[in-house]
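Quick one: structure below, then a few questions.
Chain naming follows the written order as A, B, C and D, and within any one chain the residues start at number 1.
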C-alpha cells in the first residue's frame, strides 16, 4: 500500500501538477484567445532554460531564478504574440494554430543553439527522500506542489476578485458582450500572454528540477498538457488543475496494465475518450 | 405628429437619418430614419428580414454604414466604435448571449460598469431596487437563471453606466406572456427613471400597445410611424402583422 | 564523375520531391480543400510505409506477414491501412473545431510511433523492416534510381489527375462550399460531417501511399522515419507556401521546400566547424520563420486557389 | 559551396572533362555522417571531433597518396533515415566522396546502405550503428563497423555479471534498437549461464518519472538493476530516481551509460554501486595512445563512440591509402589494413603506416576501440572493460570475456 502511494501516487501528483501548470496556460489561451497553442510545450522549455541561464549569469539559486525566468518568459510570450500571432487575429483562428506549431519549432531550435542538446541540470547530486510518516517526499517535490498550489490560488483569486481578472473571464465567457461592455480586447490579450508565459516557465522549471532539462522536454509534455486542458474543460482553470492531476496519475498508474513504452499514449487515449464521451470536460468547459 | 411630440422638449436624443448599410457587400438598410425623444419608449416592428435588428445595431456601431447619419444628443456618432458609443451614453442589450453565463449576477452587473471609475455601490443599489429578484440571486451564476431573469440581468448590466439611451434587441423573445409583461413593466420603470429606450420587437401587438411611439420597417426602409395606438389602429398594419 | 553524380543527386532529389508531393496532395485534400488540420501526417505516412513493407517483403520469423506480394498490392494495402486508421479518428474529432483534430492527430502519430517501436512481432520493433523490394531494384544504381524516380513521378501525376477530377466533380465543389460556409452548406441539406470524414480518410489514404512510395525507395523502414519535423512539419510548409487549396500549388511547394531544405546543407557545410553544429538548428529555425512570414505576407501561397468562390484565403469552417 | 556546384555544372557542360584527372594527385573526399541533430545529438560533437582529429593526423603526417589531403565533409544524418539518405546521396553524387564514415544510429545505416551506398558501390564504415541487423545486410562487403554489434556486449556483460556472483537481476532498456539489442542478447546469455531475470521492461525516454516503472521492476526481488539506456537521457533519470527512492542496491549499464556528464550531475559518491561495460582496445595500448593524443587537443576519449568514430575515420584513411584511391578496391584494402597479420599500427601512427604501405608491407591497425579483426559480415568482435565510478570519472575494474 505504501509502495503504491510512494511510487505511483506521489510521482503521479508531482508530474500532474507540472502538467496542470502547463494546462492552465493552454486552457486560458483556448478560452480567451480561442485557439490551441501548440508552442506551449516549447514555451515551457524556454522558461526552464531561461531559469538555468539566470542561475549561471546572475549566480542565483534555482528557486531564486524562477521568478526571473517567469518574468522573462512572460515577456517572451507577449513578444511572440506581438511579432507573430497578432497579425493573424483577424484571420481564421486555425492559421494561428499553424503558426504556433512553427513558433514551437523556432523556440526549440533557439534553445538548442544556445544551450546545446545535452541534458542539463540545475544542480548536481541527488536528493534522498524524507519520511513523513510512511510518506516519502523529496524537498523539491514538496516545493513543486507548494508552488503549484500557490500559483493556482493566486490566479484563481485574481480571476475572481480583480477587475482585470473578471475582464479575462468575461472575454472567455462571451467575447462579443465583453466588447460591448467596453472591455479592452488588446489589454486582456496582453495580460493573458503575460500570465500564460509566467505559468509556462513555472511548469518547465518544475519539470526541469524534478528531472533534467532537455530541449524536447516541453514538446514531449505538450500532448499530456492538452489532454489535461480538454479533460478539465476548455477555459476552466480549476479544470486544468484537476485534468493535470488525473493525467499525471493515469500515466504513472498505466504501467500496472500496459507496457511502459505506452505510458505516453495514456494521455492520448484519455483525450480521445473525453472527446467521445464528454467533450465539454469535467467542469463543463467550452467546446470549440 | 403624435400626441407625445406635443410635449415641450427641446430636441430628440437620437436621430437616425436615411441610413443605408449592412454587413458584407449587400445593404440591408435601404434608408432608415427614426428619432427617439428623451424619456420615450420607441419600438421597431416589422416582418422577418425587414432589418429591424440591423437598424438597431447600426446605432451602436456594429454595422458598416454606407450613407446617412446618426446623431446622438446633438453629436454625430456615425462610424464610432461600440466602446466609444458606450462611453458616450448608449447601452445595448443583444438578443441572444446577452449575459456572462459563467459569472454571477453581481459580476455581470460589475462588467456592465467596466468603464466606470470609483465606487459602484450606488449603481448597484439602483439596479437592485429596480430588479428586486436579482438581489436575491446576486451570487447565482447567470447561466443558471430562467430566461426572464437572465433578460433582467442583461438589462441591469446595460443600465450600470447610467446611459441616456438603452437599445434592446427583442428582449421578450422566447419568454412566457407573464415574463413578457414583466419586461415591459421594467421598461416603463426604466423610462420613468429618465432613460430613453429603443427596442426591436417580434410581438408587434403587445409591443405597440405598451410603447410611446413605433416604427414599422419593411425591406430595410420605413413603412409607417406613429404612436403605438395609431399604428395598432391602422388597418394596413393590422393586416400586415396582426390579423393575418 | 561529376556529371553523373549530379544527375544521380537530381534523381534522388526528384524522387523525394515526388514522395513529398504526394504527401502534400494528401494534406491539400484535408486542409486546402476541406479545412481539416491534420498535425499527424507522419502517422499515416508510417502506417502506409510499414504496411506496404510487410505485404511485399519476405517473411521473417521475428514478425508477422512478409507475404512477398507484388508492390502494387503493397501500395493498395498502404492506402487502405492509412484510411482505416483515419476513419475512427475522424469520426471522433470532426465534430469539433480543427484544433481538436490537430491535437488528436499529433497523438495518433505518437501512438503509431510507439506501437511500431515496441511491437517487435508486428513491425520489427526498433529495428524496423529491411529487405523491402524496389521496383526496378535489380538494375544498375543510376538506372534503378532513375526508373524509380520515373515511377514516383508517374504515381504523383496519377494522384494529381485523380484529385483534380474529384475536385471538379460535384463532390469537390461541395467540399469547397462546406469549407467556405458550413452553415449554408448544412442548410442546403448536405451531410457535412460525412463529407468531411470522406475528405479526411481520402487524404490519409494518399499519405499512406506516399509512405509506401518511400519505403520501396529506401528498401527499409525504421521508426526513426516517423519524425514530426521531417514527416509532418515540412509537408505543412510545402502546402502553405505552394498555395493551399491548389493541387499544383501543393506540388510546387514540395519542390521548393525540399530543394531549400536539401540545398541549405551545402551552405551550412561551408561554415566553420565551431558553428556548423549550431547551423543545423538554425536551419530548422529558418524553416519555422519562413512559415511565419508566409502566413503573414502571402497566406494564399505562391499559387493561390483559382476558384473565385472564396472571399478570403484559408477560410476553414469556423464554429 | 556555390563554387562546387558551379564546378560540377561546368563539368557537366564539358562532358566530364575534369573528371578524368588522375585521382591520387589531389585531395580525397570522405563523408562523415553524424547525427548532429536528433535524439542522440548529445554524442555528436565528440564523434565529429574524433573523426576530424583522425583526418588532421593523416594530413599532418603526409596526407593521402602523393601529396593529396584527406578532405572530410561532415553531414547531419539526424538519426533519421530521410535525412541520412539525403545527406549520403549528396555526399556520394554531388561531392564525390569515395567512402562514408557513419551514419549514426542503426536505422539510417540500414537505409543508407540499402538505397545509396551499396547500390553506388561506396564503402561505409559506421562507428555507432550497433543493431545486429546490420550484420545480415546484403551489402556486397561494403558495410563495416568499428563498433561491435550489441549482441557481443550484451553477452559479455551477462557473463561478467554471472562471474561476479550476481544471479538475479532486473532489466530496463530504452525502447530503441540500441536498448533492445543489448537487452535481448543479455537476457539470452544470462539465462544460459543459469541466471534469473526477475523483470525486463522497455521504457520510453524523456518521461518525467520512472518511479512506477522502477517499482514494477523491483517487485521480483532482485537487488541489481541493469539499465540499457543512455546516461545523458533516460538512463540518468532512472538512476537518479532509483537511488533517491532506494530501489535496488547495484546498478549495471553498458557503454551508453558510461557518461561523464551523468557522474557530474548525480555526484560520484552516489554512483558507487554502478558498474558499466564499454568496448576497449585489446591491448589497451591503442586506447591509451588515442586517449593521450585526443585529450591533448581538448577531446574526451571516453565520450560515447569517440574511440570507435576515430577508428572508423582512421581505418577509412588507411584503406584509401592502401587502395591507391580506387573506390572499387576499398573493401578489400580495408580488410587488409585492419586484420592480422601485419605490422601493428596504433592510432595516430599515420606516417609509419604510410611508409609501410608504400613499401608494400602488410599492416594491422590496433585501434582505440579494439583490434578490428573484421569477420565475414564486416563486424568486429567486441572486447570490453568493466568500469566502476571513481571520483575522477570511470576506473577500470576488469576486462570482460
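Basically, a residue touches a chain if its C-beta (ideal position, glycine included) is under 8 Å from a C-beta of that chain, and two chains touch if they have at least 3 such contacts.
These numbers come from a predicted model, not from an experiment.
Asks: Moving step by step between touching chains, how few steps can get you from subunit B to subunit C?
Replies: Minimum step count, subunit B to subunit C: 2.
Asks: Counting C-beta pairs in contact, which comes out ahead: A-C or A-B?
Replies: A-C
Asks: Taking each chain's centre as the mean of its C-alpha atoms, which one ends up farthest from the centre of subunit A?
Replies: B
Asks: Quick one: report the Å distance separating subunit A from subunit B, using the average Cα coordinate of each chain.
Replies: 44
Asks: Report the inter-centroid distance (CA atoms only) between subunit C and subunit D in whole Å.
Replies: So the centre of subunit C lies 33 Å away from the centre of subunit D.
Asks: Let me have the rounded angstrom distance from the C-alpha centre of subunit A over to the C-alpha centre of subunit D, please.
Replies: 39
Asks: Can you pull out the residues of subunit C that are in contact with at least two other chains?
Replies: 114, 117-118, 281, 284
Asks: Mind pulling the subunit D residues that touch 2 or more other chains?
Replies: In subunit D, 37, 175, 202, 204 touch at least two other chains.
Asks: Which two-chain combinations touch?
Replies: Contacting pairs: A-B, A-C, A-D, C-D.
Asks: Sort out for me which residues of subunit D touch subunit A in the complex.
Replies: Result: residues 37, 41-42, 175, 201-204, 206-209, 211-216, 232-233, 236-237, 240, 243-246, 261, 264-267, 270 of subunit D touch subunit A.
Asks: So in the complex, which bits of subunit A are touching subunit D?
Replies: 3, 6-8, 10-12, 14-15, 18, 112, 116-119, 121, 124-129, 136, 138, 207, 210-212, 214, 216-217, 220-221, 251-253, 255-256, 259-261, 263-264
Asks: Using the touch rule from the top, collect the residues of subunit D that touch subunit C in their complex.
Replies: Residues of subunit D touching subunit C: 1, 4-5, 7-9, 11-12, 15-16, 18-19, 36-38, 44-45, 48, 52, 73-76, 78-83, 85-87, 89-90, 92-94, 96, 105-108, 110-111, 114-116, 119-121, 131-133, 137-138, 175-181, 202, 204.
Asks: State the interface residues of subunit A toward subunit B in the complex, per the touch definition above.
Replies: Checking each residue of subunit A against subunit B gives 163, 166-167, 169-170, 172-174, 176-184.
Asks: For subunit C, which residues are in contact with subunit A within the complex?
Replies: 35, 37, 39, 89, 92-93, 95-100, 102-104, 106-108, 110-111, 114, 117-118, 229, 233, 236-237, 240, 278, 281-282, 284-285, 287-289, 291-292, 295-296, 299, 312, 314-316, 318-319
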